[in-house]
Amino acid sequence: MEIALSVKNVVKKYGDFTAVNDVSFNVEDGKFFSILGPSGCGKTTLLRMIAGFFEPTAGSIEIRGKNMANVPPNKRPVNLVFQHLALFPMMDVKENIAFGLRRRGEKTPEVMKKVHNILERVGLPEYADKRIDQLSGGQKQRIAIARCLVLEPAVLLLDEPLGALDLKLREHMKVELKKLQAEIGTTFVYITHDQSEAMVMSDHVAVMNTGRFEQIDTPSNLYNNPASSFVAMFVGNNNKVTGKLAKDESGNFYVLDKNSLKYAITSIKDCKEGDTVGMYTRPEAIIINPAEDKTSFNRTGVFVKAVLFDGGNSRLLVVTPTGQEVLVALPQNHQFDYIKKGDNIVIGWDPASSVCFKETGAKMYDDEI
Amino acid sequence: MKKALLVLLVVLVCASVAFAGGNKEKAAAENKVLRMLTWTGYAPQSQIDEFERLYGIKVEATPSSNEEMISKLRATGGSGFDLAQPSQDRVVAVVEEFGIYQPIDYSKVNTDQLDASTLAATKKYTEYKGQSYAVPHVFGTSGLVVNKKYVKKDPKELDYTDLLDPQYAGHVSYRCKRPILCAMGFALGYDPFALYSNPTEYQKMLDAVGAKLIEGKKVLKYYWENGDALLQGMRAGEIWLAKGWEQGAWKLYKENPDIDYVAPKSGAMAWVDTFALPAKSENVEGAYKWINFVLQPEKAAEFTNAEGYGTASKDAVKYYTPEAAANFSRCFTPEVMANMNWYPTVPSGLEEMEGKILDKMRAAK
Amino acid sequence: MMTKSKKLGWGFFIFFIPVFLWLLLLIVLPHIELLRMSFTRAAYLKQPGLTLSNYFEFFKEPIYWNTFLRTAMYSITVTIIVLIIGLPVAFYITKIASLKTRGFLTILILIPFWVSELIRVYGWMIILRESGIINHFMTKFGIWKQPIEMLYNDAAMIMGLVYTSVLFMIVPIIGVMDSLDNSYIEAAYDLGAKKWVIWRHIIIPHCMPGIISGCIIVFMMVLGSYLTPNLMGGKNSLWFTQQIYNQFILYFNWNMGAAFGFLLLLMSSIIIWIALKLSGQNLKEVVK
């Protein structure tokens, strides 16, 4: 498959501050590629370098095999959907969409044909003559994308375009956008801080932190096999236990926490015995009242501090006798309806479902959702 | 209730307006303030202060010009000021047309300290229906201000027509106002003042004078608007020859003897600025006091020494500084005095005719 | 009992009466008197009754309507020049300069307006005159052999007018340009637009209300200016306000002056109306 976008060792510095630090990746033609990271991680800077608004300090950006160094935004075969869409309020819908085509000097009949085609594709055929302020949030979204798609860019860049929408519409647009991309087949590069957006829509997701890519992978791999503690924490929910990695006499690894509790673990990645590590276990990997025969399980009696009801995503917040808070998935099959706040229950999990990474001590992220 | 409030409000507004007016009137009625329309320099601060000490009357002097005095008093029907200083030729016509001045009671003027012939002339020129309307104060002339470094012609032969001489192109200046028309009329052999009473002939003269001035406009650097700007230009050597007043010329003479006042061959244009009482003057007594005060020989000489202009005060000459005396004797020889053209009263409507010619001059390329 | 709405009405009247009186006494009544005057003859002619002679005189005499047209054309020219200068300056201040330099630049533009128009014009005269600063240096360094008179021509006058009015264009444009989201400009750029296309299709349409109000202010100011054309224009400068001044003050022809005044008012209203029509703006939008 052809490579639509290739970013090689790109660095962007502002004085002493490095916003983007040696980032490389390729996006294949027709794929939906997301860059996921907390705000301030450098993802917007990276996107703007691809669009051509900034020049990289080092490294190169190639689009369809052509080096884009010193090519201004208006000459690049990429288009950007802005965070707040930036639909021109002084023009109606069709003039907004026609704007780029006219800049290419195309004749009016030709332009109008393309405008109507693309309006049809985004499902708003009768909106050509509407003013921008007559559109709803979702319609604006689609017009903004149509305005770029009509130019048939090699890569469509999207800068958190769903951020301004309310939750329900956002959920809906996620699916819409994915469908649209699959239909049209244009390469999408999408940046977001919302891991759910990235996971739902993308073929590949790059997780970015402090200017670097932590991991580029498919959404399921990111979730199941995080390559770093940052990815483990940022993608999905995880329970973290900090402790020392140790080995018992039979050669099995375990994590010894500060209260001298032992947690067995099988997957230790590149950690060594004696390292201070963080052990990560997903809430849904933790089983309430595990069967007695699962002898390999890590087990502990806990106190239920709260029942966090959230439909299919409901959880229990429990506290171990040593004060460690743990989130436990609460399956909604009425099996555990009897559990109330203040109860004492037993939880357990398969040591194989935990992963551990060397503890860096760095803060993962601030109050980012 | 509501109506009462509204009425109260209106009354309050009116009362405050009335009070503001009333206060002023009260002050004037007690002869505490003398509001005067005058010319720059005619009421020196030292004399204002001394006058206030002597009579307890505060003087508010507003510097103005002939045209402004008439416009201001015309707009108010002759109120708002207690004393004005129009030129002698701008009194009768406005009395006739707008009635903005009142006759002078000469018994209240200390005529002994005035030059008898000047007073007689002013009385004659400002007479309307048997009464006279002005007391002479300052007189002066306009002639040529010449920089002899550049203008080599014999000063005795210089005339207004030299303002049109191409050899001085780009270094000549005059005002685009009526005096240049009259002056050029004399230089071209007309007697504009005799033609005042004959509008058709006067128009013919204006047409001829206008044509000459338009033809000579390429020689002109600019029409000067205020005396200081002209002095600046002459001092910097940008202007070599200009029509102007002796006062400014003498200031420059002091700095650079090359620059001096020259009375033109066809005669300098002489004017008298007078004292006149606005029709609704609120402090007539104070006005007479001021007239008698500034026309004392010492006070008049003080003014002449500072400003350069002569006054109607008879014995002021005795108190002249040698410099002032020398200026007068150098530039105003008996021949020059005899050849002087005194401005007579301007009849109504003349300014309109002149205005059109002046507009044409301005518009000409 | 007073209802709430009636109370509001009272407050309104209390504040409205002074405004109303002010408008009536200082604006409406004098204009009615001037209008009456423009249709009568001078008093000394002793011909009472209404007449159009003052207006006929205007059309009969080429000097008057030539000056009138000249004033209109130059006012429009100056407005256009000011707009051409003002747009990029406003753009630089709002979009390119950092927040700190922005305040500094705004003050820099404002400073000349702390002194009176007269002083500003004299400043230019000192620089441009034959014995002025430029000529002094140019002749001193031998670049010019002879001092050149740069003052007293139409170019100097236009420059003076542009200088005295440019602030009144920049300030309203800054106001609207501030509200222009940068992403519109970037989006247009991204969609393939060149710089002038961005100006033509994005920035100018967005700034139109500010541009029009700036243009109206500048046009009226220039049309009504007296000092600058008079002092910098020199012997050939003709400005219609001068004609009005001359009629009122020098020739005592208040009737003609009043007629001229109304013609000027009429012309400025018509030109502004045409400008609003051409730009598709309405006055409500512009004064907002």
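All chains are identified by letter, namely A, B and C, in their written order; residue positions are counted from 1 within each chain.
We take it that a residue touches a chain if its C-beta (ideal position, glycine included) is under 8 Å from a C-beta of that chain, and two chains touch if they have at least 3 such contacts.
On a predicted model such as this, the values are computed, not experimentally measured, just so you know.
Peer 1: If every step must land on a chain the current one touches, say how few steps get you from chain B to chain C.
Peer 2: Counted as steps through touching chains, the separation is 1.
Peer 1: Taking CA centroids for every chain, report which one is farthest away from chain A.
Peer 2: In terms of C-alpha centroids, the chain at the greatest distance from chain A is B.
Peer 1: Can you tell me which chain is nearest the middle of the complex, judged by mean CA position?
Peer 2: C
Peer 1: If you average the Cα atoms of chain B and of chain C to get two centres, how far apart are those centres in Å?
Peer 2: Each chain's C-alpha centroid was found; their separation is 34 Å.
Peer 1: Can you give the whole-Å distance between the Cα centres of chain A and chain C?
Peer 2: The separation of the two C-alpha centroids amounts to 57 Å.
Peer 1: For chain A and chain B, what's the span in angstrom between their mean Cα positions?
Peer 2: Result: the chain centres lie 89 Å from each other.
Peer 1: If we count contacts the way the header does, which residues on chain C are in touch with chain A in the complex?
Peer 2: Listed in rising order, the residues of chain C that touch chain A are 181, 183-184, 186-194, 197, 201-202, 205-206.
Peer 1: Quick check on the complex: what are the chain A residues that touch chain C?
Peer 2: Residues 51-53, 72-75, 79-80, 82-84, 86, 88-91, 99-100, 103-104, 147-148, 151.
Peer 1: Under the definition above, what is the set of chain B residues touching chain C in their complex?
Peer 2: Those residues of chain B that touch chain C are 2, 5-6, 9-10, 13, 67-68, 70-71, 74, 96-98, 170, 176-178, 217, 220-223, 225, 236-238, 348-349, 351-352, 354-356, 358-360, 362-365.
Peer 1: Contact residues on chain C for chain B in the complex?
Peer 2: Against chain B, chain C makes touches at 2, 6, 10, 13-14, 17-18, 21, 42-45, 61, 63-64, 66-67, 129-131, 149, 152, 230-231, 234-238, 242-243, 246-253, 256.
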